[in-house]
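The data blocks that follow each hold one structure.
First chain A sits with chain B, and in the next complex the same chain sits with chain C.
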Partner chain A sequence: MNRRDFLKQGLAIGATVALGGCAGSRVSGARAGAGRPGRPLPPGARPVLAVAEKGKPGELTRRALDALGGIGKFVRHGQTVVIKPNLAWQRQPEEAANTNPEVVGTLVKLCREAGASRVLVVEHTIDSPARLVFEISGMQAAVDEAGGELVSAHEERAYSEIAIPGEVLKREQVIREVLTADVFINVPIAKNHDATRLTLSMKNLMGIIYNRQGWHLSSSLHRCIAEFAAAVRPDLVVMDANRIMLTRGPKGPGQTKDPQAVLASTDQVAVDAYTTRYFGLQPADVEFVMLAGKLGAGQADLGKVQIKYA
Partner chain B sequence: MRRRLETIRKLSQAAFLLLFGLLFLLTVYPPSGRPVDLFLRTDPLAAGSALLAARHFPWDRLLWLLPLVGLALVAGRAFCGWICPLGTLVDCADGLARRRRPLALPGPRRAKYYLLAALLAAALLGAQLAYLADPLVLLTRSFALGLFAPLQAVARAVGLGNHPLLPESQAYYRFSLLALVMLGAILGLAVVGRRYWCRMLCPLGALYGLLGRWAPVRLQVNDQCVECGRCARECPTGAISAQDPRRYQGAECTLCAHCLRACPTQAIGINLGHYPGREPGADLSRRRLLAAVGVGAVWVAGVKAAASQKPTVTGVRAGSPWLIRPPGALAEEEFLRRCLRCQQCVKACPTNGLQPALAEGGLDGLWTPVLVPRLGACTEHCNLCSQVCPTGAIAPFAIDEKPHLFLGTAKIDRSHCLVWAQERECLVCDEVCAYRAIEWRQDGGKGRPYVIDEICTGCGLCESACPIQPRAAIRVYNTGDKRHWSRERQRQWRLTGRRRDAGPSQ
Partner chain C sequence: MRTARALLLLALFLLPAAGHAGEQALKSLLPAQSNTLAVIPDSYLYVQGNDLTQIYDGGYQRYLRAGVTEVVQQLYRGPGGLTLTVTIHGLATAAAATAFFQAQRKQVPKEVPVRPAAQGRGFTYLAAGVKYGVVAGPRLVAVLSGYGGQPGARAQLEQVLAGIAARSRPPKARTG
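== the complex of A and B ==
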């Protein structure tokens, strides 16, 4: 091989690698830019909302899911499941500031039983460091025991940017595991919230973005929540209303009440709309619920929801 | 056996260095109840001068000093040769530098005694200065500030990730470069001579040397000695006389047993009892000793003069309003006497909020722990700093006492605050507050945040979370510091605030 051939070949290989690299980045860029559409809703179908009341948290979780047709409808063998609890605070379970660890533990166990290869429980905690939150909330023990992995997403490198087709939100950095999961389950707790009146499932999605402060600083927090929920729809929502915080939310300590309820649905807006009644409120009392309904994130009109009491 | 003794000594050094490293790594949340401060707790210079300066002699703390004082009484500086982790690192550095012969510098070796004299004089007069030169304090501090964060970076690079002993949440330490430079300087002395720090400067070595004046465990040379002088040349601490190898300075000998192996006729042994060749070794000049005591006294006078400027209201010395001490810290005067600046608490703090003070505490507050809320708050369910403190400068407290341990008070900067200055909606400080110390009052047709002074403990959660950059619009100052109050009085103070705050949230 003479020098000219060597240079030619070298250039050719270099160009191939470079182009391949570009192509690769284009592909991943396209995926990252698309948002996370979730499961398409069958047109015209009435969303089903399962309500399980009076019982222990774990048992209620099972009942609610059974009413939806069982976890097997959502999780198949070998799939990766990402669960997002509300796990922001260094608070103990009885304070009702975080999702009940029993609900999450049961859900992890059900997913494992359905054959999920990995069940990740992810949170971008507000109190830090995350490991203290995980320990004090009892979540670490519950997830470990159920066979899941509890992961903190406090570092920016755990996030990917996606495009949001909203008026206020244009782009958002979202936990990559959520974007790439086969099944994404949102497991919020129902609480009072000083900024948005209540924090429900859609508000809980604020914990999968990197820059929460951006929403606080935006023109409308409610609008951010609704636009984001419309863009990133979970495959399943399991609402923990076993014990709810009535005042001084989101962190408390506040007054609590024990509705002993777990709700489950594929429709996040329906879940949130229904949950308002535990606080003696209407869906219309919580701005982001109505807004999300208008933006197509789900059904805010409970008259158009099929409610199954389990 | 003679040859093997050196191997056993090296194994002992390795074991204690390993133990030191292990205890260092275990100084991490969650609390384990292990005595992670073992090396400092048993150090008669560090812990001893803290007790002396504070005039505080509880039996349990004194008992911890017994083993090493006892060892020195029996075997002189055996600690230096067999246990001291810094001595072991110095040996390693010497090995790398391959400088086989110690330089004959008889003069400066006395320096360590003068240093010791100054430290003890200061302690007697009520100021603890051991933090400046105690080898175990130096090493703990260097590890915590200088090596911990790089160690994490290495661990992550090799795929250990966020190991519980190397938590990512603790990745930044002030003074890290200085801490590394200090350790590097001590180890770098290897190019000057072997065990240079230990021979010339180490005040703990000096103390053990003095305590071992009548130590019965000694080197002995029998009549097989051919006076070849090899032992004197090989001795890492230069303890053996070059003129007469039968004579050696007991206060310099670390019983490292190097000479036993070097001796071609196996004339040297370590035995019990009287040996006329052993000289006490510390031939000090009275004038210089007095001068050293004088230096210690002048330092104390300077410290006391600075302390006399304290304002009476907060119990905290004037100077920086950001001198925020960890919860449980004793009142400032007492705290400074006891705090070894060893950085155990700084290493332990799970939020990385505790940092060594730069100028916040004045000259004698150098390296003392301060809370820097912007880096990390004092988290609600943690009392680890008090558990790892070797001298009780941070007094133990139960988690449920934390709401009434007042470190300072948060103040809202109304010229920065989103709600106050920009008429925007924000509630982050209120949301994160562990104790609900923010209340909202109507002001100009809008709810605005106020801090309830009787409830705010100054933990800094609000400051750490405030979205205003780079300087938070709510900051903790030490004006609310109530360490000089009894805990009961602090509890009562909090109760007055709770009564005011009894109404429901808006």
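== the complex of A and C ==
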């Protein structure tokens, strides 16, 4: 299915869904748009996961992307790129609550070097005001220096409603820039999470919806995450596991560990499945990872993933 | 019958307030704006119950389990660009507040004693790594996070803790 077909299908679903959504999500009768198809693999192809370990965050980011064929494989001249870090908290980089700014800065720089006309780094922060989160996390300085734009998505008008053909999720308001960008890159940090055990790439997508509380109060947060990940797929995932938070996530402060790793793949489920090992866990230990695999959002069985150590 | 119904309605009206000190009570413990501490605009929050997600996102359940019923939060700018987050948690009992405090304390990798002036009725501490301080009063726990790394940051945190501790002293025991 190409992007055009995916959009058409989404519009059709939107026209037929009357009611639904997670508890608390806004429901309207208006026609909803579609999510994103990501980069579907040809039939029979195995997803590739690049793993770069031992080094500095920027260097690891470059190595991981090079192992996938370079940023030019994803970003072309004149395109708009949206990057979604995990940038929810007023925390400094060493606390491992937010994505390392060096990883994001390097990625912005690579996208610009590949000819991107605009690189937006967007976040719906939890701590507020957002400008303070951006400052304390070091992200504002990193993005400015790399030639990107760091923007906050706090206003409801920044969101568009999409249809989601899930059991629990029916509609969701999503940051419009994510839906319309030529390239969408999800750049999470790996960390402990009180409600879902771990925060990984798919959980980070909660930061592109307007009403997060609706998911927290729903019948199954794991299912919400998995269904959404199947509907809104990034073109590329770059996982920051340079320093990970082991306890008291998602906000901390908690105990940390330094795996010094950056992972990259077009398959979000494979990235999340692999990352569990840095916590001494298996993919099956994180419910949304397995659910997402079953829903076809990616490959949870690492035996069926081509792993390239960069 | 009419009286019983009136009492029932009154009870239903008062029920949601049970276990809550109330916004004003918690808000009154926040430091006031001063020459050395400026309130950051748009940073005030007061939440109850499930709305703790607005502060802790998915971590909110841990706080509910610990008995936190309400939270007030305000951010400040201190000298030299120091950023200070003051979060005051309301709990139903002193025992719950103490247990909550101890659970938080265990997570702090390095504990630094604070000067006596900052000590409240319960405990106080600062962790050097994250400049993190807590004071436990009879029904509350205040958490402070300071960023800036200036030489005066610790003194500023201690001063704020001392102020909260002083304001949170319980009224003298009533008789009868």
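Convention: the second predicted complex is superposed on the first by the 278 of 310 C-alpha atoms of A that agree within 3 Å, B and C clash if a C-alpha of one lies under 4 Å from a C-alpha of the other, contacts with A are read in each partner's own complex, and residues count from 1 in each chain.
One rule holds in what follows: a contact is a pair of C-beta atoms (placed from the backbone, for glycine too) under 8 Å apart; a residue touches a chain by one contact, two chains touch by 3 or more.
Since the structure is predicted, the reported quantities are computational estimates derived from the model, not experimental observations.
Asks: Evaluate whether chain B and chain C can sit on chain A together after superposition, giving fit or clash.
Replies: On the superposed model, which is not a single observed complex, chain B and chain C clash.
Asks: Determine, under the contact definition given at the top, whether A:221 touches first (chain B), second (chain C), both, or neither.
Replies: Both chain B and chain C are touched by A:221.
Asks: So, does A:95 touch the first partner chain B, the second partner chain C, both, or neither?
Replies: The second partner, chain C, only.
Asks: Looking at A:247, would you say it contacts chain B, chain C, both, or neither? Reply first, second, both or neither.
Replies: Both partners, chain B and chain C.
Asks: Applying the touch criterion given at the start, work out whether A:155 contacts chain B, chain C, both or neither, answering first, second, both or neither.
Replies: A:155: touches chain B, not chain C.
Asks: If you stack the two complexes on chain A, which partner ends up touching A:76: first (chain B), second (chain C), both, or neither?
Replies: The answer is neither, since A:76 touches no partner chain.
Asks: Once chain A of both complexes is superposed, is A:132 in touch with chain B (first), chain C (second), both, or neither?
Replies: Both: A:132 reaches chain B and chain C.
Asks: Could you tell me if A:213 is touching chain B, chain C, both of them or neither one (first, second, both, neither)?
Replies: both
Asks: Does the superposition put A:194 against chain B (first), chain C (second), both, or neither?
Replies: both
Asks: If both complexes are laid over each other on chain A, which piece of chain B (55-63, 127-135, 343-351 or 361-369) hits chain C?
Replies: The one stretch of chain B in steric conflict with chain C is 343-351.
Asks: Going by the contact definition given at the top, which residues of chain A touch chain B in one complex and chain C in the other?
Replies: Shared contact residues on chain A (touching chain B in one complex, chain C in the other): 90, 126-129, 132, 136, 194-195, 213, 216-217, 221, 247-248, 250-251, 253-254.
Asks: Once bound in the complex, which stretches of chain B touch chain A?
Replies: 29-30, 162, 164, 167-170, 350-351, 376, 379-382, 418, 424-428, 430-434, 436, 461, 464-465, 467, 504-506
Asks: How about chain C: which of its residues touch chain A in the complex?
Replies: Spelled out, the residues of chain C in touch with chain A are 40-43, 45, 50-51, 53-62, 75, 83, 85, 107-109, 127, 129-130, 132, 145, 147.
Asks: Show which residues of chain A lie in contact with chain B when the two form their complex.
Replies: 90, 126-132, 135-136, 152, 154-155, 192, 194-195, 213, 216-217, 221, 247-248, 250-251, 253-254
Asks: Can you check the complex and tell me which residues of chain A touch chain C?
Replies: Those residues of chain A that touch chain C are 88, 90, 92, 95, 126-129, 132, 136, 193-196, 199, 212-213, 216-217, 221, 247-251, 253-255.
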